[in-house]
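The same chain A turns up in both complexes below, where it pairs with chain B and then with chain C.
And now, the complex of A and B:
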C-alpha cells in the first residue's frame, strides 16, 4: 500500500472541504437554518487498523448511508451518524416527532437524502478533481451497531480514508463521519490519480 | 434514444412509476404514461419543451444544483418523500397530493448526457406510515394518560382514605334507606360504637327520640321532593351515644351520586364542650363581676322580657330600686376593700330574698340594686321590699358614719304597674326611681312606693308583714 504524503493529504482535505461546503449549502436551503461547518479531519486507516479503529466505537447504533462506486478505483463511500446526531438532523428537517430508536420511513428517507447530498458533494468534487468518471449505485440506508454493519463490507485488504466533519445547526451539534473504503489495489490507484491530479 | 422509438416508449409506459428524461439543455425528452396520467399533460404537449415551462418548480436552483452534476456522471440524486414530497406537483383523483420519491440517475443517450428522473408514488405508503405512527403515538399517549389518571386516582383515593380515617370530624355515610355504610374512627369515638356494630344498621340508632322516628320521614321526603331541612347546610342537632346519653352536635350533610345510587355523607362533631363554654360565657356576660349577682345588662333584658310578658298576660310587674345609705361615707371610713365586701354581702342578701321563678335581683350600678318581680302587684312588692330592708339591717354591718343607723341600711323605692301599650318599661323604672328618691328624702332606711300618676308614699314598716 502506497503512502499518502502530507502534501497529498492536505490537498485531499481541501478537496473534501470544498465538497462538504457545497453540501452545506444544499442543507442550508433544506433546513432553512445556517449550518456552521468545521474543517474536516482526514485520517488514513491501514487494513490492520480499520476493524479495531471502527468497531471499537462506543456508539450502540449508527445510521449508515452507503454509496458504492466503481471505475478507475472502486469502493464504498459511507456516511455515518450516531443515533443522537441522526435524530437531531431528522428533528430539524422534519417537523414531526421521531422516535429515537425507531427505524421508520421518515428517518430512513430523510437520512438517505441527507447522506445522498453529503456523499454526492464529496464524491462529486473528488471525481471532478481527479477527472475520473465513476459509476455509482443508488445510496442505501442501514441502521445498527457499527461492527455489524461494517463486517460484511470490510475485507482484509481494505484501506480507508476516515473523514470526520462536524456541523452545528441552531446550536445543536451534529457530527457526521465519512468513511471511504477502498481495496488496497484501488487505494493505490486512487493515490496515484490524486498524485497526478494535484501535484502534476 | 429518440421519441420515435416505440419499443422504448412501451417499456417506459409499462413501468409503474413516473419517468422523465431531461437532456443537458433542460428540455423534456421522455414523459411516460404514468406522468401523463398524474399531470394531465400528454407527451405531445411536453416533449421538446423546457422543463421550466412544464414543471417550473423543478427548474428552481435548489433542485437544479443537485441534478446538474448527474448529467456529467455524478452520483445519483435522491429526493426523499420526507424532504421533497411533491417534486412533480400533482394530485390523485381523491384530491390528495401525490407524495413522491424521486431518483435522478445519469443516462447516456447516443453519447449525450441525460438524466432520468424515476418518480415513485409513495402516497399510500407514507400516509399509512404516518397514520400508523399517529395511531401508535395516540395509543402511547392514551396509555400514558390512563396510567397517570389511575395513579392520580389511586393517590387521591389513598389521600382521601387517610383524611377520612384521621380527621377529628365524624364522617358517616348512609344510603337512601338510611343504612350506615361508612363510620370513621372519629364517629366511633364520638358515638361509642365500633364501625362493625353500626355498619348495616339504620342511622336512627344514633339519634334520640323524637328525632329517631322523624328521620326516616325526612329521608323519604327529601328523596321524593328534594326538599331538605339539613342537606348542604350545617345545623345543630342532638345525637345519642351508645350509652344512651345525648349530646349536641353540629351536622352537615352532603349528597353524593355514584351512578344512579344516592348516598348521603354526614360530617359532624360533638359540640358539648362548645355549648358548655357558650353557656358559661353567656352567664358570665350577665353577672356582675364584683358581687356575682346579675348585672345591669341581665336586668335590662329581664325587664324587657317581663314587660312584654306582663303586657301579653295583663299581669302586674313590680320593681324595687334600692340604694345603700351613706355608702360613700362607709367607703371613706372603712376603705374600699371593706366597701366591696359590704356590697357583696348586701347583694347576696338582696338576691337571697327573692326566689320565685322570674324574680331577678341585679346590681344596677355603684351601690344601687334592683329587684324585678313579675306577676307581683305593688302591695306585695312593697312587702318584699320591706323584708329586704329588714334583712339587710339584720346583717348588722357596722356603719359608724351613717346618718341614720349604726349599721348598714338601705333605702328602697317600689313601683308597680300592669304593662300597657301607653307606657314602656322605662316608665316603670322612672317610677321606682322617684319612689327611691322619696325614700331618701324622707329620711332613708325606708321603703317608698309610687303608682303611676300618684304621689310617692312612704311605707311604714309592718313587723309582721308577710307575702
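And now, the complex of A and C:
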C-alpha cells in the first residue's frame, strides 16, 4: 500500500476540510444554527485492523447513513449521529405536528435525505477539487449498535484509509461524524489523483 | 400559477419543496422516481417538471433521456444533492433548463421555477 507523506496528509486534510466545510454550510442553511467543525483525523490502517478500530467508539447506538461511491477511487462515505442527536436533528427539521404512527418513517426519510445532501457535499467537493468524477448508490439509513451496523458493510480485506471529521451544532447539543473509507485498490489511485491535483 | 410535477424519492425533500411551491400558489404533483414521473407527465400534463437525480428504479438522468426521446417540450429543472460540475453539465446537455443544489433556498427555488416556466422545454 502507498504510504502518505506529510505533505500529502496535509493536502488530504485540506481537501476533506473543504468538503466538510461545504457540508457544514449546507447544514447551517438547513438548521439556521452555527456548525462547529473539528480538524479531520486521517488514519491509515492495515485492512484487517479497520473493523476493530472503527467499533472502538463509545456509542451504544447510532443512526447511520451510508453513501457508496465509485469512480477513479471507490469506497464508503458515512454520516453518524448518536440516537439522541438524530432525534434532535429531526425535531429541528420537521417542526410540524407529526402523527405518532408516521414518526419512524418521517425520521428515517429525513435523516436519509440529510445524509444524502451532506455526504454529496463532502464527496462532490472533493471530486471537483481533484478533477474526478464519482458515481453514487442510493443512500441507506440504519439504526443500532455501531459494530452491528458496520461489520456487514466494511469488507476487512478492502478498507485502508479512515478519515473522520466530527461536527457539532453547539446551541442544540447535536454532534455528528463523517467517516470516509477508501478501498485498498482505489486507495492507491486516490493517492495518485491527490498527488497530481494538489502537489503535482 | 402552474401545475408542477416534483419527482424525488425522498419524502423529506418532497415535503420541503412541496410546501414552498404550494405556498406560492402552484398546483403540485409528486412522483417517487423517474418511471412514475414519466407516467405522470403523460397522464397529467404538468407545466414544469422538477426532478432529483439519484433515485431508485429510474434515476434522473435516465428520466431526462426518456423525456428527450419522447420529444418532451415541458421545461425540466433539476434539484440534486450532487454538487459535481460534471453532473450539472450533463443535465444541461440533456436539456434541463437549470440545476439547483439541495437544499434550495425558498427564494432561489421560486426564482428558478419562474425562470423555467418562461423557457422552452427539452
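Everything below uses one rule, namely that the second predicted complex is superposed on the first by the 172 of 200 C-alpha atoms of A that agree within 3 Å, B and C clash if a C-alpha of one lies under 4 Å from a C-alpha of the other, contacts with A are read in each partner's own complex, and residues count from 1 in each chain.
In the analysis below, a contact is a pair of C-beta atoms (placed from the backbone, for glycine too) under 8 Å apart; a residue touches a chain by one contact, two chains touch by 3 or more.
Please read all numbers here as calculations on a predicted model, not as lab measurements.
In this overlay on chain A, chain B clashes with chain C. Once the two complexes are overlaid on the shared chain, A:117 sits against chain B and chain C alike.
Contacts of A:69 after superposition on the shared chain: chain B is touched, whereas chain C is not. In the superposed pair of complexes, A:109 makes contact with chain B and with chain C alike.
In the superposed model, A:176 lies in contact with neither chain B nor chain C. After overlaying the two complexes on the shared chain, residue contacts for A:40 are found with neither chain B nor chain C.
When both complexes are aligned on chain A by C-alpha atoms, chain A residues 26, 29-30, 93-94, 105-106, 109-110, 112-113, 116-117, 119-120, 124, 127, 133-134, 136, 138-139 touch chain B in the first and chain C in the second. Against chain A, in their complex, chain C makes its touches with residues 9-13, 15, 54-56, 80-87, 102-103, 105. If you check the complex, the residues on chain A that touch chain C are 22, 26, 29-30, 93-94, 105-106, 109-110, 112-114, 116-117, 119-121, 124-125, 127-128, 133-134, 136, 138-139.
Partner chain B is touched in their complex by these residues of chain A: 25-26, 29-30, 67, 69, 93-94, 97, 104-106, 109-110, 112-113, 116-117, 119-120, 123-124, 127, 133-139. Against chain A, in their complex, chain B makes its touches with residues 62, 65-66, 69, 73-84, 101, 103, 105, 125-126, 129, 133, 137.
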